[in-house]
Amino acid sequence: MNLIAEALAWLAEPANWSGPGGIPARTGQHLAITALTILLAGLIAWPAGVLIGHTRRGAGIVGALTGAARAIPTLGLLTLFGLGLGIGLTAPLLALIVLAIPSLLAGTYAGIQAIDPAIPAAARAIGMSPAQVILTVEVPLAMPVIIGGLRSATLQVVATATLAAYTADIGLGRYLFAGLKSRDYTEMLGGALVVVALTLVLEVALAICQSVARRIVDPASRTQRTPA
Amino acid sequence: MTWLSLNWPHVIDLARAHLLLSVPAILLSVVIAVPVGRLAYRHPRVGGPLLGAASLLYAIPALPLLIVIPALLGTPLRSATTMIVALTVYGVALLVRTAADAFTAVDDHTRGAAVAVGHSPLAVFWQVDLPLAFPVLLSGVRVVTVSTIGLVTIGALIGVSSLGTLLTDGFQRSIPAEVTTGVIATVLLALLLDGLLLLTGRVAAPWTRAARPARGTAVTA
Amino acid sequence: MIEFEQVTKTYPGGSVAVEGFSLVVPSHRTVALVGSSGSGKTTLLRMVNRMVEPTSGRVLIDDQDVQDRDPVELRRSIGYVLQAGGLLPHRTVLDNVATVLRLNHVTRQAARARAAEMLERVGLDPALGSRYPGQLSGGQQQRVGVARALVPDPNILLMDEPFGAVDPIVRRELQDELARLQTELGKTIVFVTHDVDEAFRLGDEVVVLRERAAIAQQGTPSDILAAPADEFVHDFVGAGRAERVLHTQTIGGRLVAVDGTGLPVGVLES
């Protein structure tokens, strides 16, 4: 417990809260790279997922690919990209995008495919164009599952962005690697606690988003809870 | 290929170390998560918060967890124990929900019938719940296995040897072949264990493959 | 003999499933409890093998309160047949039938031998024994369910809508088969159903239930048909249904029975 006390003292140190190497700056970087990754990965994964879900084709292959992608060690991807592209920001960013795509893709197509096929069929039958079916029926109904995919992708990226500091000077992971190198356990533990706190806050926030989305899509789930 | 032809005994050693870290963690995860999952299924009031806590635990990134565990448990940082504890935490967090779902999915009609013909509560667990939950449980164990094999590589960052060592060592010495070998060997190991589990399922649960003609009419009530 | 003595079952939350129910089921007889859903008939059945505990009152088997018996041991001594057989999907048909014998510590070999014998007895090809329940038709599964209940040779058989999940033709076959088995075996059977025709066909005695297991009428099928106690029973058993109202016409010197729709259904022998 002594170690924790020291780490908390490190966290309370005002010097660690200012300047370009301070906790706020590094947290900002961490969140910025996470957001950028999700945005870029989403630009690829969301339209692709919508297309697969809407046409109900190709899910088998994509499912197998995303499953296999899980077996690839994230550290391996980071180091490979790091060796190939140098120690800049590009390498970790690309690696993170590759990691984020499967979750985003799976959430999107699974969410749309889970919709009762009679619903989009009925929307077509009353005269909606394919774009209208997608935008006003399928995507809104699939939103809780799409956000679920966003949730797991975000957590994965936040976690892996910590490792990204191994190949590039970025984010909160820096405290961990600096501490590891200089055998400064206090700095390591302090940094680790910040990362843990950040992920827990994100996880809770995204979980709330998901349940709000679910409530909007399925208002009945709220009323059903009142006992008969 | 030349790198591998010169270093394959080293790779084999690391693969063995990799297995010695991951297999105990996977087994421990199963032993802990199955009873906890059943508890969550039997008592939803306890189960809800329990499953919520599990998903929070799973959200914690691996490297920070590896660093926090020694502070909490007093284990040395660079040790197999720290590594196995961390891997087990993830395994349990991942498997508990599947286990709860697996028990929930067992048909209440079947369970009721087993009680009605005289299975004791213990017999219901061993002879009905567990075998019927087995296929879903196994799918969960397969996910845990693949994820654990991947996570072991993170240990290389704190100095615990595994196939992950090839990644860090290859990166620091700029040997792409070594990193590539590390990635491929890790994926192969994951697929190998996954395949073994799949095979186990086929042998242990033959009824899941038995053809299912339509049941005359659907069961009501 | 099974006796219900003033049993009441109130579920937590206040809903009353059974209120002050009393009945004697004599040995070696089939009593059919018939009522619509919500009449508490399944609850009554489940009180016999302690799947449900009465809130008040007693259930006696051969003058012994079931409350004094170990529930697991009690259930193993009573045959129980459920809708769709209630078979264990991960055990072969033969092992399903042998289940209770195995629970009673009969050796695997002996249990399987007796199970195979019983399969034949309920009209199934013993070759089906190596299949899984999912590979059988609904009617076959139901026969397996009956075989499983009969194999330990219990005195009492509880049947909970056993033929509810099969089509009418198979259902009729299974009813005939059960009637045949019962003449051979003479078990004490409590049979729960919502189908009046089934109750009349199988019950030596029929108990018509209203809500909360209130007995509307109790008697032999012909008693009930001939003199429905009230409007409820009259409607429930369909005494006014065209095919239940027969009259005779003399055609060519013989008495022909004709139902309410004018359809001739048979000739009366004097």
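Quick notes
Every chain is named by a letter (A, B and C) in the order it is written, and numbering of its residues begins at 1.
By our rule, a residue touches a chain if its C-beta (ideal position, glycine included) is under 8 Å from a C-beta of that chain, and two chains touch if they have at least 3 such contacts.
Treat the numbers as computed from the prediction; the structure is a model and nothing was measured.
With centres taken as mean CA coordinates, the chain nearest to the overall protein centre is B. The chain with its CA mean position farthest from that of chain C is A. In terms of their C-alpha centroids, the spacing between chain A and chain C amounts to 57 Å.
Here the spacing of chain A and chain B, counted between their Cα centres, is 22 Å. The mean-CA centres of chain B and chain C are about 47 angstrom from one another, to the nearest whole unit. Contact with two or more other chains is made by no residue of chain A. Here chain C touches chain B in the complex through residues 46, 49, 51, 72-77, 80, 82-91, 99-100, 103, 131-132, 134-139, 141, 148-149, 158, 161, 164-167, 170, going by the rule given at the top. Residue ranges of chain B in contact with chain A, taken from their complex: 55-56, 59-65, 67-68, 70-72, 77, 143, 146-147, 149-151, 153-154, 156-158, 164, 167-168, 170-171, 174, 176, 179-180, 182-183, 186-187, 190-191, 194. Those residues of chain B that touch chain C in the shared complex are 107, 109-110, 112-120, 123, 127-128, 131-132, 134, 205-207, 210-213, 215-221.
Residues 1, 3-4, 7, 68, 70-77, 79-80, 82-84, 155, 158-160, 162-163, 166-167, 173, 176-177, 180, 185, 188-189, 191-193, 195-196, 199-200, 202-204, 207 of chain A touch chain B in their complex.
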